[in-house]
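In what comes next, chain A is part of two complexes: it sits with chain B in the first one and with chain C in the second one.
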Partner chain A sequence: MKNYDIVIIGGGPAGLAAAVSAKENGIESILILERDKELGGILNQCIHNGFGLHTFKEELTGPEYAGRFIEQVNELQIEYKLHTMVMDIRADKVITAMNREEGLFEIQAKAVILAMGCRERPRGALNIPGYRPAGIFSAGTAQRLVNMEGYLPGREVVILGSGDIGLIMARRMTLEGAKVKVVAELMPYSGGLKRNIVQCLDDYGIPLKLSHTVVDIQGKERLEGVTLAEVDGKGKPISGTEEFYSCDTLLLSVGLIPENELSGGMGVELNPVTSGPRVNESLETNIEGVFACGNVLHVHDLVDFVSEEAKAAGKNAAMYVKSEGITDRPASDKGKKPCVRLKATDGVRYTVPETIHVDRMADTLTVRFRVGGVYQNCFISAYFDDERVIHKKRPVVAPGEMEEIKLTKEQLEKYPDLEMITVKIEEA
Partner chain B sequence: MEERNLICINCPMGCALAVTMNGTEVVKVSGNTCKRGDIYARKEVTNPTRIVTSTIRVTGGDESMVSVKTKEDIPKGKIMDCVKALKEVTLNAPVCIGEVILENVADTGTDIVATKNVRAV
Partner chain C sequence: MYDYDVIIIGAGVSGSAIARELSRYKVNACVLEREEDVCCGTSKANSGIVHAGYDAPIGSMKAKMNLRGNAMMEQLSKDLDFPFFRNGSLVICLDKKDMPRLQELYDRGVANGVWGLQILMKEEVKEREPNITDEVYAALYAPTGGIVCPFGLNIALAENANTNGVEFRFHTEVQKIEKSEEGFILHTSQGDYRAGYVVNAAGVYADHFHNMVSDQKIHITARKGDYFLLDKSAGKHVSSTIFALPGIYGKGVLVAPTAHGNLLVGPTAIDIPNKEGTNTTREGLDQVLAKAGMNVKNLPMRQVITSFAGLRAHEDQDEFIIEEVEDAKGFIDCAGIESPGLTSCPAIGELVADMLRDKMRLEEKEEFIATRKGILNPETLSKEERIELIKNNPAYGNIICRCEMITEGEIIDAIRRPLGARSLDGVKRRTRAGMGRCQAGFCSPRTMEILARELKVDMQDVTKSGGASKIVVGVNKDTI
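Showing the complex of A and B:
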């Protein structure tokens, strides 16, 4: 069995940034395992621009952004295997993987970084009635077909869900000569970024129908049309509002789910809200030496923040490996004073991380979260036990846009008996 | 004085911008959190522009498509002409990131550059 200090599962933006960071923090023995034919993950099919303003201070497309990190991985001579599928990870960090050259093989790691990303919610999870003809795609599948394989999936398109990939694909299909008739969104607000509504829908005169959903799918061999209807406050279709749209293609952009089969299999505890691992300030899961970052941890809007998070995970994994054999290991929960817990409430759906060991946190810690609804002129507040310490005014917050607060070590050290930080939305 | 409200599209922050106009002249931009927002707002109310991204067919490479973009933003009205011009082009591998694929696309004064490496096979 081969041994590595750090094995990274997934060679997308999170895996690449984690690998670079681990190497820069002094770890030589690193292996990235990637199931696709190339590094870069989903960025390779995200050919639109808007990536990298935070990381590189310039505006890049997805493949260019990935290219920068792949270059660093190559320069730092970090080892990776392509076409390699990880089948299983054990709690003792033995990884079972397979590929065509080596067959089935095992690797022993000292630390594991989970960076498997997420996948799209499929039609089967939506309970749309009607036939099951050809012509129904998840938005990301259509994106891959158009941008990488060079196929146009259809000519007349309806999009269900206003997630970012759906919005991006509305524009992309239009540029390729298809007619995008409408984007329907079940919720009364968009699930995607505002900028994408402007530059992908408004620019091309594509209507966005909020509080609408697909209630019927017609066509036996190929899709012939869908029926949209308005929904009430509980998401139930309102009878009499049905409207038929003829189309040959239905794209679904109805949410992303972190891909955690491997994590669950090794006993990593998952948060039911994010479907990602529960992590502490070091982005370490409940299993010591197993870290998580990127969309496998919680779905991000912005790759720049994935890279930032992955950089922290890579550094923390490096510190964990270097502290091996030291009894008072910094990255160990055992025998330490109890950690500070973070509680999400009043409009805040979750926080990443969920616990903080003040003694091991970096000087500044970014706590990321999403809200459950649209709030205007509100405050994002953090209470240290009963005392309100952070009170940040926000003109508008929405579920489609991730929020954050920053905590400093200095700030937390002033509260030695702190047990809980409560993060909530307060309306003005 | 007239006020126009825009959403900045430069980055995913999506700042809500307010542009105060006196006729066609921009008097003030507010709501932006960086310089890009100011530049965007001034352009958007006078001559709106966009970066256009698309793909071009490649032969003899390890990929069948290569992603491309306009090097600078081009007038919004030229987007469709630009995409049409790309339909006419087929490339031979290899292609490198940053390589100029098409000069002065659709008379915009801007070049089309590759955004992905495609190796020859």
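Showing the complex of A and C:
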């Protein structure tokens, strides 16, 4: 069995940034396992620009953004295996993987970084009635066919869901010669970034129908059309509002699900809200030495924040490996000093992380979260037990855009008996 | 004009089982199928249940075929290598007032010859299945109940029949049947066929073909069943097949593990005029959702990965019609094959083959091959065997379907074997690639590449399920 200090599961943006960071923090023995034919993950099919404004202060395409990190991985001589599927990870950090050349093999890691990303919710998860013809794609599958293989999935398109991939694909399909007739969104607000609605729909005259969904799918062999209907406040279709759209293609952009089958298999505790691991300030899961970052942890909007999060995970994994054998690793879960818990409430759906060991946290810790609805002129507040410590005015917050607050170690050290930080939305 | 001794219309489980049993004999036989593959109608969209046999009326053909089919299934699954498990079944009675009905099922089962039936009271039921509703009063336990992969069964039967010499013609729709001196002329979308004997195993269309040759008309209604399929993470929610006892709460739905470890919830029973109406409907899905939790608690309906509908071939007399048509000698009906049709198919195959043997005085073939090896599932191998397999064929080291962990090796096998896959759905039914929680999101472009390469066709000609079901319609900017 081969041994590595850190094994990173997934060579997408999270895995790459975590690897670079771990190396820069003094770990030599690192291995990235990637199931696809190249590093870069989903960025390879995101050929539009707008990536990297935060990280590199310039607008890059997805492959360019990935390229920057792949270059660093190569320069730092970090080892990776492509076309390699991780079949199983055990709680003792033995990884079973498989590829064509080496067959089935095992690797022992001292630390594992989970960076498997996410997958798209399929039609089936939505219970849309109708036939099951060809021509129904998740937006990301269509994106791969168009952007990486050059094939046009269809000519007349309806898109369900206004997640970012759906919006981006509305523009892409238009540019490639298809007619995008409408984007329907079940919720009364879009699930995507504002800039994508402007640049991908408005600029091309594609209508966005909020509070609408697909209620029927026609066509036995190839899709022939879909029926849209308006929905009420509970998401139930309103009878009499049905409208038929003839089309040969239905793209679904109806949500992303972190891919945590491997995590679940090894005993990592998952948060039912994010479907990602529960982590502490070090982005460490309930299993010591197993870290998570990127979309496998919680679905992000911007890759820049994935990179930032992964950088922290890489550094923390490096520290974990270096402190191995040192018995006084500060404030581990089994330590004497209890950790501070974070509670998401009043419009805040979850927080990452969920616990903080103050001794172990970096000088500044970013707490990321999403809100459950659209709030205007509100405040994002954090209460340290009963005391309101953060009260940040926001003109608008929406579920489609991830929010954050920053906590400093200095700040937390002033509250030695702190038990709970409550993050909430307060309306003005 | 193509000439055969026997033509079987339909390559579903009935037609394929008949073809397989008939292939024991020296006979020139052919199966005509309008779709691109076997297992494309009722056989692909059902509960996958091997019934114990207490439902069908005493002395009925349904009861006889059910019991015989159930008894044959285990050996057949070994001979032909398809997934079958005897997981037992429970009929849940929620109310003391319904106990006479449960007793009636028990008595009928005993009279039909079902082995091992027991009525269990609440505690015993809960002990066996902790997720049964706390409202349960009693249940009928049938240890001989089972689950089977309907695709696996259908494909195995057809493959074995083909290996033993039965031809299969796809995309061949029978349009008209004429009686002639030496039998029948079948006009099809692919030319004319002549046969001395015709077996009508056409599912919901069996009445259509019967009525072409007989004045004694039969009528078959398409009775729709909507289902939900749940992720494997929910597959252990129950271990037995859980039926609802029709009672004061109406007719319920079943909850059952599938032979591959998913959980199935359904079906509805809605009579429809359209024999092509395999669409799910809002009403149908809502009905299943409303009844899903009646007998099983905490059903994780958020884990639904797909929904589908199938059509039962319901005959007006509620009975299997497996006989030679009186006024059309040589034309054998196999009509009205609804539940327990899947269970019964091995027995139906045997019965019809015996009829033909006797009528045609067929002799057994010495070279009949009674066994068939299914597509190798590497997960059944030891670690060492798997390493050896990949060494000899690296395609088995290349995972294509991430959810079901299906390798390129399995997909190639599915395409290259007798009556191999020609479409994404064909690959899916044979290997499960694309049948998992992402529903082919990741693997379909890669499976398309393998299909295009193996079949030597362009990517643009790869279909979901044959015909006009092409996946991509052109290349980027081809109209600009």
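Operating definition for what follows: the second predicted complex is superposed on the first by the 425 of 428 C-alpha atoms of A that agree within 3 Å, B and C clash if a C-alpha of one lies under 4 Å from a C-alpha of the other, contacts with A are read in each partner's own complex, and residues count from 1 in each chain.
Everything below uses one rule, namely that a contact is a pair of C-beta atoms (placed from the backbone, for glycine too) under 8 Å apart; a residue touches a chain by one contact, two chains touch by 3 or more.
The structure presented is a predicted model; accordingly, all values stated were derived computationally and were not measured.
By the touch criterion defined above, A:233 lies against neither chain B nor chain C after alignment on the C-alpha atoms of chain A.
By the touch criterion defined above, A:35 lies against chain C but remains apart from chain B after alignment on the C-alpha atoms of chain A. In the superposed model, A:194 lies in contact with chain B only, and not with chain C.
When the shared chain is aligned, no partner comes close enough to touch A:416: not chain B, not chain C. When chain A is checked against chain B and against chain C, the one touching more of its residues turns out to be C. By the touch criterion stated above, A:338 is placed in contact with neither chain B nor chain C. Once the two complexes are laid over each other on the shared chain, residue contacts for A:150 go to chain B and to chain C alike.
In the superposition on chain A, no contact is made by A:205 with either chain B or chain C.
Where the contact sets of chain A with chain B and with chain C meet, they give residues 146, 149-150, 176. Across the interface of their complex, chain B is touched by residues 44, 47-50, 53-54, 59-64, 67, 146-150, 175-176, 193-195, 197-199, 203, 301-302, 395-396, 401 of chain A.
If you check the complex, the residues on chain A that touch chain C are 35, 83, 85, 87, 98-104, 119-120, 122-125, 127, 129-134, 138, 140-141, 144-146, 149-155, 176-177, 215-217, 220-222, 237, 248, 264.
On the side of chain C, the complex with chain A involves touching residues 228-229, 233, 276, 278-282, 284-285, 289, 304-308, 383, 386-387, 390-391, 394-395, 397-399, 402, 405, 437-442, 444-445, 459-460, 463-480.
By the touch criterion given at the top, residues 6-12, 14, 16, 50-55, 57, 63-65, 67, 69, 76, 79-80, 83, 97, 115-117 of chain B touch chain A in their complex.
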